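Below are two complexes that have chain A in common, paired first with chain B and then with chain C.
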Partner chain A sequence: MRRHPRFVVLLFLAPNLLGFLTFTLVPVALSLAGSFTNWSLRPALPLEFIGLQNYARLLHDQQFYLYLYNTAYLMLALPFSIGGALWLAVLLHGQTRFRHAPTARRATLASGLATLAGAGALWFTGSPNLAYLVGFLGLVATLGFHFGSVTYRTAYYLPNFTAGAATILLWTQLYNPTSGLINQGLGRAAAWLGFEAAGPGWLTSTKSLLGFLPWPEFFNNGGFGLGAREAIMAMGIWAAIGGNNLILFLAGLSNIPPELNEAAEIDGAGGWQRFRHITWPQLAPTTFFIVIISLIGGLQGGFEQARMMTNGGPAGTTTTLSYYIYLQGFERLDLGYGSAVAWVLFLLVFALTALQWSRQARDGHD
Partner chain B sequence: MNRELRIFLKHGLLLFLALAMIGPFLWMLGASFKPNAEIERLALLPDDVHAQNYAIVLRQAPDPHTGHLLNLSFPRWYFNSFFVAAWVTSLQVMTSAMAAFAFSRLAWRGRDTVFLFYLGTMMIPSIVLMLPNYQIMVKLGLVNTYRGLIVPMAFSAFGTFLLRQFMITLPRSYDEAAEIDGASALQLFLDVILPLARPGVVALAILTFLGNFQSFAWPLIMVKDDYLRTIPIGLLSFQSDYGQQTELIMAATVMNIVPLIALFIVMQRQLVAGIQMGGVKG
Partner chain C sequence: MRSVLLGVFGVLVAMSVVAYTLTPAPPRHRTRILWASSANPFRLAQIERFNALHPDLLLQLDSSNNRFEKIIVQNSSGVGPDCFDVLTGSYLQAYVESGVAWDLTDRADALGIKADRDAWPSIHNEITYEGRQYGYPANAGTFMILYNKNIFDRRGVPYPSEDMTWDEFFRLLQRVSESGPAGPRVWGTNAMDYSGRMPVPFLWKTLFYSQHAEFFSADGTHPTIDTPELRTAFRLHRDAVFRYQVLPTGVEVGTMTGQGGWGGTSLTQFAEGRFATVVSGKFAIASLRGFVEQQKRQLERWAADPARQAREPRPEVLRIGVVPLPHFPGRPSCGVALSQTVVINPQSPHREAALKFLQFLASDTYARMVELYGMPGNPSKVRYDYPVSHPELAEHELTRWVTRTMAQGYQTRKSPFLLDFDVERVLNDQVARLEADPALDPDQLVREAQQQLDDLLQANLGRDPRLAALYRARSNPATAR
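And now, the complex of A and B:
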């Protein structure tokens, strides 16, 4: 094929290249250079090259270790959100529509009518809350009988699609130790079972599920229990479990040749055996991609939650590396040190990405 | 066990999971209509439907606690979020599509090396870029302006990557046919490749719009004045000023989420296709 003239190529590349240079390449260089200086927004300080001092300081910074620990701790939610997404994908990929078309039509019709009748009766007999719940469940069931798994995939994807400031505020309210829905529900359940117990402190508590371990004191483990870190993890699982990972797993599942499963079934393999020996190995590239992307995201995560839900507290237990970088740069105005922390984060991300690429190169992907 | 019965039971499980995922939204919707006195009651719906929460948030009615309109301009934040996200989306799709075209349909020396370099920058954490980028915006005088919110977001290695992956699968014969017809590179791009790459462009547009509508970190450092706030940043200040009035916060979050749900329902198919393109081909 003939070469295109250089100016034509440049014409197409120019807009992107210009932005790329200004907002990626130059900043990366600035940030690296800045991490070796005392770069600060306090105007009185003259800029000086200080060699590796920022990095040396970081090695002795107890807060850095706490925030690194917090970041790693929050990433313990990843196996649950990824494993959960895989489980949901297998569930949704299987048969969700009735084989017999008249059965499907009857189920849809019956469920629709039952919903209308049930919710209507509850509403007019003075139980609007129950009517609301029954109406919702009935609506989803009716759509589910009619459209199959698409209905559920849509419902599960919504938390991911809307994730952001609004859902964070929503969960902040749900987690309120006294007035929040979660502790009120737990309190009601406890009372019904006949005992009285204070609910977890959630976002106000330094407890953690690893709090019983003899960590150094500056890790601020307030003992064993559910605290702010668990609250953020649970919200994260809720937001991620039905999201992009589920979509990717579903795509991976539909790429498995059906003959494999059919042959295994003829040979008498059960559901678990087929999962273990067909689905799991066939999904390996997808799983690997998801794990790496999630680890990279996890290392950089926690900023929004810390800023909106907890201000990094209580006692720094929800401050992650990315929030620490923000604090150094924009609150303590210490850009040099902030840049050094940022580069340590970058190196961690880089190591994971290199792993992903070498694996792809080995498997011969594009 | 009977197959149809098993499917029926499976729907029961799926329904339960749907309740867990959507339940918080059900409470949010109900709470947004509650009067303040009812917020702490364990109930999904209000006894006394209080639609004026929405009027208060939209500054059409005074806050009952103070008797004044809220000191925050939610309608303005709403406009800002749409305005910024729409501009970023159109600019980013344009710059990405042009670069993707150069990386997939034009022949030039060093093409794949440059592309790999581009791709490599995707792994740089945005927080690393945030500190120096802020300084650059200070130098350019763009802090606390719409341009400051829009311009740095108009270029994306991810967008270029996504569209390049899409364009590279289109058959070469289109280019050759266009060349025989005497079409220029620009005509090939506008009349042939871009229309064929539409599914990729649509997916990128949705992802970009969503990401910028919900964007938090960059507007947080870029915006100083209330009139420039986007919804996420506005919600943050809302929470610090009126955090005790849960019902107002919930009305605001409902108004944040409703356009997203509408977008999602309309665009679901294209979105799913886009995620699969970006992910599976990795």
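And now, the complex of A and C:
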């Protein structure tokens, strides 16, 4: 063994390498080859090499442009989700537990008792749902008093333990234009302010915040407003703020030498100044990594939401490129064209990533 | 470190060996037949009966792989089920074109499963394509209007009648719809196809078929989309959503429930009283019986609990009525007949055994079973004199209408040059646009659909010389070589 280290290395790598070759590299190579053919799941059609025809077809495919636009539009949520995760990480980075142990114990006890009393009263007065809500929030507060920020970090990361499909189904019901919790809440808030207003159509609407722009007719533009795309973006921001980005930012924050902040504090720097001149620059590698990963994810994203929430609708406004690839390949059985779309998507991802790398390299040199 | 990794590897190997040895093997001397179908309440009884009658065979249900794209991909890869369900002739055409449906034409007569002799004439096109037979129906039906009598009684509105026009029907639904502070509480009607994950509205299609209309010319060479019938269907669909406000859009229904699968869709919402009517068939009985039993149990619990009586209103038990589909003025009520056809995978090593299952579907035993589950089986074998188990569900009334409408139902033409599947996809896309923006002109949408489908047909011909030759032969038989 000692005389054959390469053999040992290969032996250990073999399971992963074989899986990678079988399930990734070979299919990827096949899809590249397939994109130059009329590859279809209809056997009546003999397989033929058709050169760049699929790519030429794509240039004239109006749907492709709409779905590319949808993909790009949904990615507008990325700055908010990354910024939100950073903001939350900074909030949760500090130790929020009481420094004085007896005070912490008293606060925990008081919070626990208040929660029990509040939830119990609601339960026995016939509002079980409200009792659950108050009970849950009270539990989080009580645990927070006892364990500090660890509780909140866990609470914010909890949705990531939930199956994506379950989260999507939950949001689908929240977005019901009439009986959904969001529009019901908006309606009551409007009534409290003394006016009546219909809530947004959410998943049923083709409106968008860029709907005032004169898009071509095939973009199914429903005008300015909040529609299905914004609904999916809002859900994405919610999921991303407490997700893996938060963990990465927290890890990055814990790597910042505390003496930097201490020195700045002694020199009289305020919170914002310390963030601007110490935290933010120190987090640059983490932020760069998150931006790259989010861009790649954003370009490849939207499949689950389209599949489970909207069927790509209304009128194609939530169909992204990844869902379009699926539609072409497995519903229209046109694997050749679907492969061509997939490779164009790859080129887009590659170009954007390369651009980011080059910018990062340039900024690094500066 | 090396020893740790080797240890982990060893444990994984050992666990794999244990898992392999624990995998249940099929019983000896029994051939396993895998059937990709929905997990509805009828399936288990059906499978149990078949297995009891065939000790050498073991029919098993695969309810998680019965979607179109899964069947196509699995069968094309040689790992598909032995037999699978095909809902509607549109899918059958797509399966045949994909080469995953076994041609039974030459053996059907000898096996006693011949389409034009043993099955309902109105579903002939559901089990055959281009004159060839590819399966046998597990059940058949037509669409009717099921209405919730409790809702109509509560609103003091007369029940729908047998001879209503569509316009009269929508006006009646307006009277029965209820609004709460958060919008519609009871919708007028539900007409959604739930075969995918998200509901797809099909009222437009029902209105189209109600005019005995066709998607293709008689020779199948031209899609006939830009027609008065389809324009009427699109306009009325839009009116039902926006003018009468009795029909929610597909996306709206999708946000009403997170529950999927058998029984979790339009019938659940209908049974819960969220829709006053539903466009459905006699097959609904299988699910509605379960709901009624559940509601009766709730009522019993409520009746036995005075505290609950003071707190909650009396739970309702669903009572339904049934009428045939409304009609257009001067035309009789009309609709297509549909079937759930079982098709055999031509690459299955157990395809001969799967034929036995098709013979079972054509048997007296099976006909008796479908009667009890409320479905119309093979016309020559079904007696329709089964005992009523749930009088609330108008079972005999349903039977009366289903036999009449099955006899009157028709089948739309298919074209070898363009899949029905593509026609429906293009038209569903246009309907989705219409539902998203009432300002769009339905006539324009229909014109665009015609253009898209003409282009698609030409693209199909351009890609397949065999198809192009057939097209020339059909378009101009005199000059075709």
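Rule of thumb we're sticking to: the second predicted complex is superposed on the first by the 328 of 366 C-alpha atoms of A that agree within 3 Å, B and C clash if a C-alpha of one lies under 4 Å from a C-alpha of the other, contacts with A are read in each partner's own complex, and residues count from 1 in each chain.
In the analysis below, contacts are C-beta pairs under 8 Å (C-beta built on N, C-alpha and C of every residue); 3 or more make two chains touch, one makes a residue touch a chain.
All of these numbers come straight from a predicted model, not from anything done at the bench.
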Combined model on chain A where chain B meets chain C, clash or fit: clash
Which superposed partner A:A342 touches (first chain B, second chain C, both, neither): first
Partner chain in contact with A:T204 - chain B first, chain C second, else both or neither: second
Which superposed partner A:W280 touches (first chain B, second chain C, both, neither): neither
More chain A residues in contact [chain B versus chain C]: B
Touching partner for A:F212 - first (chain B), second (chain C), both, neither: neither
Partner chain in contact with A:F124 - chain B first, chain C second, else both or neither: neither
Which superposed partner A:F224 touches (first chain B, second chain C, both, neither): neither
Which superposed partner A:L170 touches (first chain B, second chain C, both, neither): both
First (chain B), second (chain C), both or neither touched by A:T162: first
Contacts of A:P314 with chain B and chain C, given as first, second, both or neither: second
Chain B and chain C contact sites that coincide on chain A, given as residue numbers: 8, 12, 169-170, 172-173, 178-179, 184, 307-308, 330
Chain B-touching residues of chain A, taken from the complex the two chains share: 1-4, 6, 8-9, 12-13, 15-20, 22-28, 30-31, 34, 88, 91-92, 94-100, 103, 107, 128-129, 132-133, 136-137, 140-141, 144-145, 149, 152, 154-159, 161-167, 169-174, 178-179, 181, 184-185, 188, 238, 241-242, 244, 247-248, 251-252, 255, 285-286, 289-290, 293, 296, 299-300, 303-304, 307-308, 322, 325-326, 329-330, 335, 338-339, 342-343, 345-346, 349-350, 353, 356, 360, 365-366
Of all residues in chain B, those that touch chain A in their complex: 3-4, 7-8, 10-11, 13-15, 17-22, 24-28, 30-31, 39-40, 42-45, 94-96, 98-99, 101-102, 106-109, 118, 121, 123-136, 151-152, 154-155, 157, 160, 165, 172, 185, 189, 210, 214, 216-217, 220-221, 231-233, 235-236, 239, 246, 249-250, 252-253, 256-257, 260-261, 264-265, 268, 272, 275-276, 279-282
Partner chain A, residues of chain C touching it in the complex: 2, 5, 68-69, 72-73, 76, 94, 97-99, 181-184, 196-198, 200, 249-252, 254-258, 311, 422, 425, 429, 432-433, 435-437, 463-464, 466-467
Residue ranges of chain A touching chain C (in the complex, touch as defined): 8, 12, 38, 41-45, 126, 169-170, 172-173, 175-180, 183-184, 187, 202-206, 220, 222, 228, 307-311, 313-317, 330-333
